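What follows is a structure written as structure tokens; I'll ask about it next.
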Amino acid sequence: MKRVATLIAASAMFALTFAPAKAETPPDTLVMAWQFDDIITLDPAEVFEFSAAEMMGNTYERLIGYDLKDVSKLFGVVAESWEVSQDGKTITFKIRQGSKFASGNDLTAEDVVFSLQRAVKLDKSPAFILTQFGFTADNVEQKIVQTGDYEFTFEMDQAYAPTFVLYCLTSTVASVVDKKLVLENEANGDLGYEWLKRNYAGSGPFALRQWRPNEAVVLERNENYAGEKAPLARVIYQHVPESSTQRLMLERGDIDIARNLGPEEIAALKEAQGIKIETGDKGGIYYLGLNQKNETLAKPEVRQALKYLVDYQAIADTIMAGQVQVHQAFLPKGFLGAVNDTPFQLDPEKAKELLAKAGLPDGFSVTMDTRNTPDITGMGEAIQQTFAQAGVKLELIPGDGAQTLTKYRAREHDIYIGRWGPDYQDPNTNADAFAANPDNSDGASAKPLAWRNAWDIPELTKKTRAAVLEQDPEKRAAMYEEMQREVMETGPYVIMFQEIEVAAMRDNVSGFIIGPSFDANQFGLARKD
Amino acid sequence: MAELAAPSGKSSLREWLTTSEPRSRAQARLGNAYRSWVAFSRNPLAMFGLFIVLVLIIVAIFADQLATHSPTVGGDLRTERLQPPSAAHWLGTDNQARDIYSRLVHGSRLTLMVVMLVTVIAMPVGLLIGTVSGYMGGWIDAVLMRITDIFLAFPRLILALAFVAALGPGIVNAIIAIAITSWPPYARIARAETLTIRNSDFVVAVRLQGASPFRIITRHIMPLCVPSVIIRVTLDMAGIILTAAGLGFLGLGAQPPTPEWGAMIASGRQFIIDYWWVATMPGIAIFVVSLGFNLLGDGLRDVLDPKAEK
Amino acid sequence: MTDAVNDTTPGERSRALLTFAVAAGRFLLMLAITLFGLLAVTFFIGRIVPVDPVLAVVGDRAPAHVYARVREEMGLDLPLWHQFAIYIGNVFRADFGNSILTSRPVVEDVVRYFPATLELATLGTLLGTIFGVPLGVAAAVKRGKFADHFVRVIGLVGYSAPIFWLGLLGLLVFYSKLGWVAGPGRLDVTYEYMLTPVTGMVLVDAALAGDWAVFRNAISHIALPSALLGYYSLAYISRMTRSFMLNELSQEYVTTARVKGLSETRIIWGHALRNAAVPLITVIALSYAHLLEGSVLTETVFAWPGLGRYITNSLQNADMNAVLGGTLVIGIVFVAVNTFSDLLYRLFDPRTR
């Protein structure tokens, strides 16, 4: 035993000699802890993941941008100006002169046209944001045409609402890539796809230097950036999967910003010295999807009853405190035409009445596929308890994200609890998901949320399609309001919350802006004092 | 037999059990068991282990009476959530405002089930494969050990996932999956032991008497391997309970709101720093139970192991 | 006589060589069979896992035609046996395919993640052995006394406290409050660029480069997670050591030695422990192999980019190329470890001859 004690003492001494100096990140480097194991690619034509989208947003430029505080204000970024033709089908863009890529190459209309054509030709997951305007790999060279060194035309198949088009051009898929650099790295006619997956060819405030999966992503200041140069020389994302770990690192000063903290951690850090909390509304919507293939859930009274069986406010105040706000329409706050009423609250009596009307006075049993993350499981368990108040026995089936999603996409669930984020800032993105279902058959090619819940809505689908062609913004907003109210009342979704993104940071960090979507989180002008 | 079976008085029962000249096989066996029990009961630590295990069983049986609150229905989220231990909630409340004490009490049933299923499935399989492989040698050894290697080298989660895909999710299936993946270490230990004893004098003697390999393995070798395997199994208990929780990450474990201890720890993980009791209380429960099994295992080893000094 | 000696030596030598060649051949054959079995089972399991692998590539939002095209590109529309044949064919050309999640060749990923795990597991096992064996011996010698119970409780805490609980507690105390060790990750951000990977093991690379500042920093980062894994294996190693030692101490030769008047220290450390060493090595090897599998939870808490999380993450997304590659590495490790401990038995334990 003596030997053992000596051994322990010796190793403690040993450990002490390696004790690190007081941790602090370098003054020109911003270090963020974030979970980014979802990144599968860095090619803006393919990126569709939250974390990679944010990185794209700060390293590439798009044609159009919007005001992060007021999404309705659009402005040109790479584009200097644009003009819509008489018939509303063609938009002519003028490109800002004098911009350069990080590589030093000039940014011209040639690059923009190449980038858009490339995204359409590669036809990766987010390509639909562009191809919905009638582009295909075969016709895109005739439809998106360079007409001058700094000018090109964009010809669509229908006269879509101009704001709809412009919002789509703010998304990552419309990022401008460096044609020369990309083509230098082309292999087998892949338009540089294999290369760009892991490399960088952009013109944003930062240049992407390195991506080590599950470890780190390193951005460095782009010295050739046309706009105001970034004050920070370097931004490092460190992959830290555990939120408690992120918190300890932030408290200690090993990182400047922690991005994945839970409600309790945020509450504790609010008191902490030297740390501040910043929040921003995000477009993510938490909802329950009720599969209409389930005969019980297909009854209108049952759908209605379940909407009265969630204690929205209590969940938003406790389990999800600071992470969500109650929101019951399918368009998130800030979107054109968004409805912010919250007509439903917990009311077991009313729910019982409705269930009795549906011939289920004693309730019923139903399952819910629940992703095993703490937030979703926490909500699921709380909902389980309130459902029980009206005799609805909810069985939670836990599963990993990909697993529950696979089941949901195959329409094999009863209830699915999930989160839906808009793909771009135009209301059509969510209307198309929640309120359109062109083909409800099992073999349908489009599988929006309405399809996944087997909700057959030919009329509503027509309305959704009509809304994208409405040129008058006010009329367009009114159309979306009407659709939201209809879905709220009769739809097979219990829409519960809108997401709030929270970041805890050292208080010497300023200028980190949490935007309304993931590709809009910006730190181009962030600094440390 | 009739008169033997009805001994009168306690002392005569002991005499009957401890006699050095048993008149029947049954008497001899009972006598051996009794002697083992006496040896066992003289070991206070082993008795303490037994006590813990008995308490676990009693708690599991009378869970409904012992619990003060519902294990699954929580209180008011706004006022009763994440409360520290108090008179109203002896061990505090969790994220869903549920009483942790009541959840622990009800969770004992699941724990017991986990422990039993794994012991019943994994131990015999491991023992059999290990001893046969070690004793027979040759190609049988090669084949069995290759199978063991494959299972051993298999990431547990993959196998568990496959089983659940085949059997459907749920705690019982998850446990069966764990049991099926946990036998290889037992097999290797049993084989290692067998290798060291298969050529010992007494085995050779039995073999010369013409005993069949089956008899040699089951009667003479297996009993000698049991102690090491028991130690390993009792040591693994805590790990098994925690693995059951680990499977929850893949959606294979207990379904919420089942009060499974491992799952309780896992869900308390996000509160560890500010609300320590949520994860710590079930952690202590697992510790106590595995201590109990461990002490019991040690006691059994001392009694069952013919090699150990008495 | 001298002639005879000269005659037999080459003969014996060649015979020994032959034996060795046969043994090596046998080993390779066994390795091949095990690995093939492993791959086959993993492959077919991967196809029945209820997760759609296409989702990991295209995400949730992709239109139907993109989904269908990717599915075809991945070869998922072919019959199972055909897919497997293609996979094995590629493996023979040393092509393990690309991982979906990292969009890199699986080989490249494994080369990156395995050293991180190797480093951690090696240090952990080392610590577990250095502390576990003496503790186990002490427990056996002082059987039933305080030392024995103390070791038992220490070990059991290591076993029943969930590793993430201990890990976070360790971080809270030694990193956050006391500042004795560095935080999660393998190196401080400032040192990240200063090292060119050679072996992929930060400690080794830093030592090779002679960069002691980096080395110190790396030690400071690995100290806590490896201590934790060490503690975990200590529990097992000390238990098994105690058991083996009790066995040896009850043998006759110990009594004989005592009668002969040998000192107790010599009996325990010189004789009993040496005889217990062989089964003990099996135990240590098994626990080492187990750590090499990668501990998902430790890697999660300490943001350690290791193999365990790589495989689990891949599995959850049905990224089967990555899972198969990772499984193969673990398979090789296990077979090697087992063969090694078998060999030790054959060589050193007279009873197994």
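Residue numbering begins at 1 within each chain, and the chains themselves are lettered A, B and C in the order written.
Throughout what follows, a residue touches a chain if its C-beta (ideal position, glycine included) is under 8 Å from a C-beta of that chain, and two chains touch if they have at least 3 such contacts.
Note that this is a predicted model, so its numbers are computed, not measured.
J.: Could you tell me which pair, A-B or A-C, is linked by more C-beta pairs in contact?
T.: A-C
J.: Grab the C-alpha centre of each chain and report whichever is closest to the global C-alpha centre.
T.: Per-chain C-alpha centroids compared to the overall one single out C.
J.: So, what's the distance in Å between the C-alpha centres of chain C and chain B?
T.: Each chain's C-alpha centroid was found; their separation is 25 Å.
J.: Measuring from the mean C-alpha position of chain A to the mean C-alpha position of chain C, what distance in angstrom results?
T.: One centre to the other, that is 39 Å.
J.: Take the average of all CA coordinates in chain A, do the same for chain B, and state the distance between these two points in whole angstrom.
T.: 47
J.: Where in chain B do residues touch two or more of the other chains?
T.: 249-250, 269, 272-273 - these are the residues of chain B that touch more than one other chain.
J.: Show the residues in chain A shared as contacts by 2 or more other chains, in ascending order.
T.: Residues 244, 248, 400, 403.
J.: Mind pulling the residue numbers of chain C that touch at least two other chains?
T.: In chain C, residues 50, 164, 168, 172, 316 touch at least two other chains, as defined above.
J.: Could you pull out which chain A residues touch chain C in their complex?
T.: 1, 3-4, 7-8, 11, 15-16, 18-20, 22-23, 25-26, 29, 31, 33, 37, 40-41, 48-49, 123-128, 131, 197-198, 212-216, 218, 236, 238-242, 244-245, 248-249, 251-252, 254, 400-403, 405-407, 409, 423, 444-447
J.: Considering the complex alone, what residue numbers of chain C touch chain B?
T.: Residues 30, 33-34, 37-38, 41-42, 45-46, 48-50, 144, 149, 152-153, 156-157, 159-162, 164-165, 168-169, 172, 235-236, 239-240, 243, 246-247, 249-250, 279, 282, 286, 289, 293, 296-297, 311-312, 315-316, 323, 326-327, 330-331, 333-335, 338, 345, 349, 351-353.
J.: Considering only the defined contacts, which chain B positions touch chain A in the complex?
T.: Checking each residue of chain B against chain A gives 73-74, 77-78, 81-82, 95-96, 169, 248-251, 253, 255-257, 267, 269-275.
J.: Would you pull the chain B residues touching chain C in the complex into a rising list?
T.: Residues 45, 142, 145-147, 149-150, 152-155, 157-159, 161-162, 165-166, 185, 188-189, 192-193, 195-197, 199-200, 227-228, 231-232, 235, 238-239, 241-242, 245-246, 249-250, 262, 265-266, 269, 272-273, 279-280, 283, 286-287, 290-291, 294-295, 298, 301, 307-309.
J.: For chain C, which residues count as touching chain A in their complex?
T.: That would be residues 50-52, 55-66, 69, 100-104, 109, 112-113, 127, 130-131, 134-135, 138, 142, 147, 164, 168, 171-172, 175-176, 179-185, 188-190, 192, 216-217, 219-220, 223, 300-303, 305, 309-310, 313, 316-318 of chain C.
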